[in-house]
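To keep things simple, chains are lettered A, B, C and D as they appear, and every chain counts its residues starting from 1.
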Amino acid sequence: MTGEVLGCSGLAAGYGGRTVLDGVDLSLAAGEVLCLVGHNGAGKSTLLRTLFGLLRPGAGTIRLDGTALRPAPSAMARAGIGYVPEGRGVFPGLAVREIFTLALHAASLRGGEARARVEAVIELLPAIRGFWDRRAATLSGGQQQMVAIGRALLAEPRILLMDEPSIGLAPKLFQDLLAPVRRLQQARGMSILLVEQNVRAAFAMSDRVAVMRSGRIIFEGLPSELDDHARLIELF
Amino acid sequence: MTAYLLNLAQLAAIFGLLAASLNVLVGYGGIFSVAHAVFFGFGAYAGAQIALNVTPDVLLVSIGGGLVAGVLSLALALPALRVRGEYFVVASLGLQMVATTIFIEAEPVTGGLGGLVGIPPPQLLGFSLASPWAFLAVCLAALLGGLATMRVLMRGSFGRSLMALRDSESAAEAFGKNVALLKTLAVALGCTIAGVAGGLFALQMAFVNVESFTLDQSVLVLAMVIVGGTGTLAGPLVGTLLLLLLPAALTFLPGIPPTEIGAVQQAIYGLAMALLMIFRPAGLAGRALGKR
Amino acid sequence: MIERRMLLRAGLGAAAGGLALAHARAEAEPYVLGTLFPMAGPNAEYGTIFTEGAQLALTHLTADKLLSRPLVLKAEDSQGTPQGGAVGMSKLVNVDHALYVLIGFTGVSKAAAPIGTRAKVVMVNGGGVGPDLAGLSPYYWNVIPLASAEVSRIAPFLVAKGWKRVALIYMDDPFGNGLRKSMQSDLPKAGGEIAGLFAITPAEQQFSALAAKVRDARPDVVYFASYGAQQAQIIKQLRDNGIDQQLVTYSGALIPSVRSLPQAEGLIFTVQTAPWSATDPVTKRFLADWQATHKDLPSVYHQNYYNAVRLFGLLAHGLEQQGKPVDGDSLRAELLRVRRFALVGGEGTFDDLGDLSVPIDIETLKGGQPVKLD
Amino acid sequence: MLLAQLLISGIQTGVLYALTAAGFALIFGATRIFHFAHGAAYALAGYGFVFAVRAGWSWPLAALLATVLAVGFGLFMDAFVYRPIQRHTGSFFTVFVAAFGVVIVVQSGIEIGFGRAFVAVTSPLTHASAVLPGLYLARAFWIALAVAVVMFGALGLFLARTRTGIALRALAENPDLLRAYGLSARRLSALAFALGSALAVPGAVLGAATTGLSPSVASHVMLVSLAASVVGGIGSLRGAAVGGLVLGVAESLVVSVLDTQWSEAAGFVVLFAFILFRPRGIFGAALAR
């Protein structure tokens, strides 16, 4: 495992005076898939939002490539970080084509390069071609999630933050969706921070696991260490 | 000077009552009406007609004004049951504009643009209230009575249900609250008190016409509530004092050519409204943000 | 508090029409004149005009040292509304202790008159022309002919011109309705008829539909009566929407926004006789000083409010000579005793109600200037 | 023929309402800010135009000045009024009162700076002549119609085809998600204010030439554009277009049976009926946020 690409220490954040993150230390290494698990309300989504700059931290530092910074979403995106938010990360009123245009716009990609990127994503997730012109609202949950992930991959991020991509999807469907992402990750050495409730599927592709409770990381280790079901239940 | 101050104090008490009544809708019920002057107007016209044709007795005039406004408040309750938020604001705006035209056109009742003139000096149970001190006492009594009624009601189960409704309509419904009834009652209560204030206003001015019940007046009353702070007892009173006394105080501004006085006063008044909202969005008496 | 407040008063040695601010002197308590005009909003144009006339008279009275005490002018904004009128009047009466208030506008007058009457403050109207302003209160005087007089003057003229079918556009308020009633009685008497009645309200801005309806009534001539900015708007939109008939109106047309409007060319209107050719010294001085600063002819509103202030000077001077106090009752008694005064436009005579009778001309606009027709 | 004439004048008024309402709808749709001071942009643009024409500028140059004023005002409101209030999480009504205060300031400013009189620019384009017996049309009618068609067409294309247009639609749907995509919601909302305010310009210029302007024009325009956007469906451009037309025609047609003082009320009766019976408006934009 090589050095850290994204990390934080003593990170605290919350909404309107309510503390959600209470001193989080976390480090994501280059080329690593780190899976974050924990109860509802443990602070997993908030951690991802804070790392991406959607939420202003109350205390602590965030590091990118070893440099402390105050993240802003657009700057983080330019720095090669992709974020797939919780829920359906698509605009229901926009066509898939338009959602991809938006992503190209965010990544300042134009012309031939833009077309090549789109082709690459469609090659990875070929089903997208079938509903390219349809409005996102008319797509199934799995298709929407595929668009959301494909959109994030368009910028060829070196770090991908994914917030519960499995929600509302059948386990089989979810695995079909994760498999290409895993392939890409291995091919390109991308780092992934994955928040997931579907522990079985997530652990299968993770290098490392962190468990959160009440705004803190209470366990870090290998997935195998948590394979023992009893241990997992205890931690939850 | 005393007479002028008394006149202002009477107006302040009446508008305080009016603003407090709007607070029932806006602050407690989350019903953002910009048509409150309409119900103030219903009360004022009804009160003026009673004073002109029956007796200028304060009790009769204000109760009559309140009843008429309360019954007609159904016109506001109806859209309140159908839509919320911005849609309701626009609905009440529509009501205000239509009502303004009706006030102008219903000349036999309202006197049209010419208004109702010659409203006799007020009485109370046969005693004359022609003295400004006596009428001020009546206005203050009405204000205190209105505030006490609202305080009791808003602290009771009605008020708590209403605030639950304001904070989340679906949650209130889930808890088995009768949303339609609650909203209708809140509208009726607010508008009835506005009607009482209207009756007093008719007696105070001894003249009513449509220009006192236009959109500008509705917005002014709304601004009183918002500037003071919604959902509090003191807020509307603070807002009333500020917005009623500000134009009065501005007429004392020195150094402005007389032909520009009006425009400069208006500009300062508008600026004060905007700046207060930018720097004190919760209102002067409003609670700190984030802690409801 | 009153002594410390800044008051407006005529500036000694200041340019004609100019005002300076000064502390009121405690030793010579001034006569306070109030103005209750719309100073903001759609009718503020009138407030500006009314004030200018009053200011010139104040300058003249001060320069003449006609009175033993200084004169101050205190302005209140009536907003053109009854409420503004009632509140402003109350302030003028109770705070400023004005003796004599210049007022305009029918609605404002009707709301303010009871307050002024109770406090026995004289109110003088030189701008409002609502027919029911006559006899509003013993303390309410008019130095302007009311609309009923203007209608009686124009009706026979229209018929004589062969314009028998008159479409009447009127403001649906006491002024407009009074005017409509006058027209409904005077026009048939003269041998004409009403081709259509079209009521409007102050807030209206769109008159293209009105134009279509007026055209549909096929009138020979269109008479309209509104106020302020709306007057110009009506003219422009009627003309733009294909109303080619002669347009006729009342004295309210004499404001810059109408006069500067190209579509208003040829507009016919009634107005109290402009006395600019009169040779009496009062008129000549008013005219000369006005033109020296404004490079333009004054309007009758300037004249009326000049006269209103001048009237106060003459009355108060008379009372001072007699050693009587100057208050509402004595001013009224003095007015009814003297009756005839040298005013701009020649000698004016007041009737028992306190109204000045003034001859009325029929004029037309040529190149933005009023030209006498009849 | 009276009906045809009223319909024509209703359409002419309606397209001006439609354009102004479209500006309001664009701003509200994209930013969810109830831009109650939109009418002030109209007033500033109109007065700026009249001022420039009177100063001898050519019409295109004057229209440019009008655009600069309107856009500048919109950006100012976004940056210095709405954003600070929202930063303090002020309620919707806080925004409303602040905007109303600004409208009063603008109106008084116009009165002080430009005088209180009615102003208009004169042009032979607004003079109607008979095209059929009893049916009068001015060239301004066709101009208004053409401008509206071009503006709506251009706007539609912009929103459908360009990256920025798509981003604006995305902002309207979900500003948080837009930020998750790495786009700046703040810059886009400023853009929405600029564009929406610019949309008030054609209406203001044509209004200055046809109906004329007075300082209180802001509140009237604001009311009409609000009503039109609700009738059409809040936040929907197509809705604002149709809503504006419906209101303009309703105001005009009612005159055939009632006196003109009912014409403004007629528009609001239509509005009220929509609220009661079809609260989502003609195009049924989502009721819930």
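By our rule, contacts are C-beta pairs under 8 Å (C-beta built on N, C-alpha and C of every residue); 3 or more make two chains touch, one makes a residue touch a chain.
Here the structure is a predicted model, which means the values were calculated and not measured.
Asker: Going by C-alpha centroids, which chain is farthest from subunit D? Tell me that one.
Answerer: The most distant chain relative to subunit D turns out to be A.
Asker: When you average C-alpha coordinates per chain, which one falls nearest the overall C-alpha average? Tell me, please.
Answerer: Of all chains shown, the one whose C-alpha centre lies nearest the global C-alpha mean is D.
Asker: Centroid of subunit B to centroid of subunit C, CA atoms only: how many Å?
Answerer: 35
Asker: Between subunit A and subunit C, what's the gap in Å when you average each chain's C-alpha atoms?
Answerer: Centres of subunit A and subunit C (C-alpha means) sit 76 Å apart.
Asker: I'd like to verify one number: the distance from the centre of subunit B to the centre of subunit D, where each centre is the average of its C-alpha atoms, in whole angstrom.
Answerer: 30
Asker: Multi-chain contacts only, two chains or more: what residues does subunit D have there?
Answerer: Each of 108, 111, 116, 261, 264 in subunit D touches at least two other chains.
Asker: Residues touching two or more other chains, restricted to subunit C: which are they?
Answerer: Where subunit C meets two or more other chains at a single residue, that happens at 40-41, 44, 48, 172, 201.
Asker: Which subunit B residues qualify as touching subunit D in the complex?
Answerer: 26, 32, 78-79, 82-83, 85-87, 89-91, 93-95, 97-98, 100-102, 104-105, 215, 219, 222-223, 226-227, 230, 260, 262-264, 266-267, 269-275, 277-279, 281-282, 289-290
Asker: Quick one: in the complex, what on subunit D touches subunit B?
Answerer: 28, 34, 80-81, 84-85, 88-105, 107-109, 111-112, 116, 219, 223, 226-227, 230, 234, 261-262, 264-265, 267-269, 271-272, 275-276, 279, 287, 289
Asker: Applying the document's contact rule, which stretches of subunit C touch subunit B when the two form their complex?
Answerer: Result: residues 1-2, 5-6, 8, 19, 21, 35, 38-41, 44, 47-48, 51-52, 73, 75-77, 79, 81-83, 86-87, 90-91, 93-95, 106-107, 110-111, 114, 171-174, 177, 201-202 of subunit C touch subunit B.
Asker: Which residues of subunit B touch subunit C in the complex?
Answerer: 1-4, 7, 11, 101, 104-105, 112-115, 117-118, 205-207, 209, 211-212, 248, 251-252, 254-255, 257-263, 265-266
Asker: Taking the complex as given, what residues does subunit D use to touch subunit C?
Answerer: Residues 1-2, 5-6, 9-10, 12-13, 108, 111, 115-120, 122, 126-130, 134, 136, 138, 210-212, 214-217, 220, 251-252, 255-256, 259-261, 263-264 of subunit D touch subunit C in their complex.
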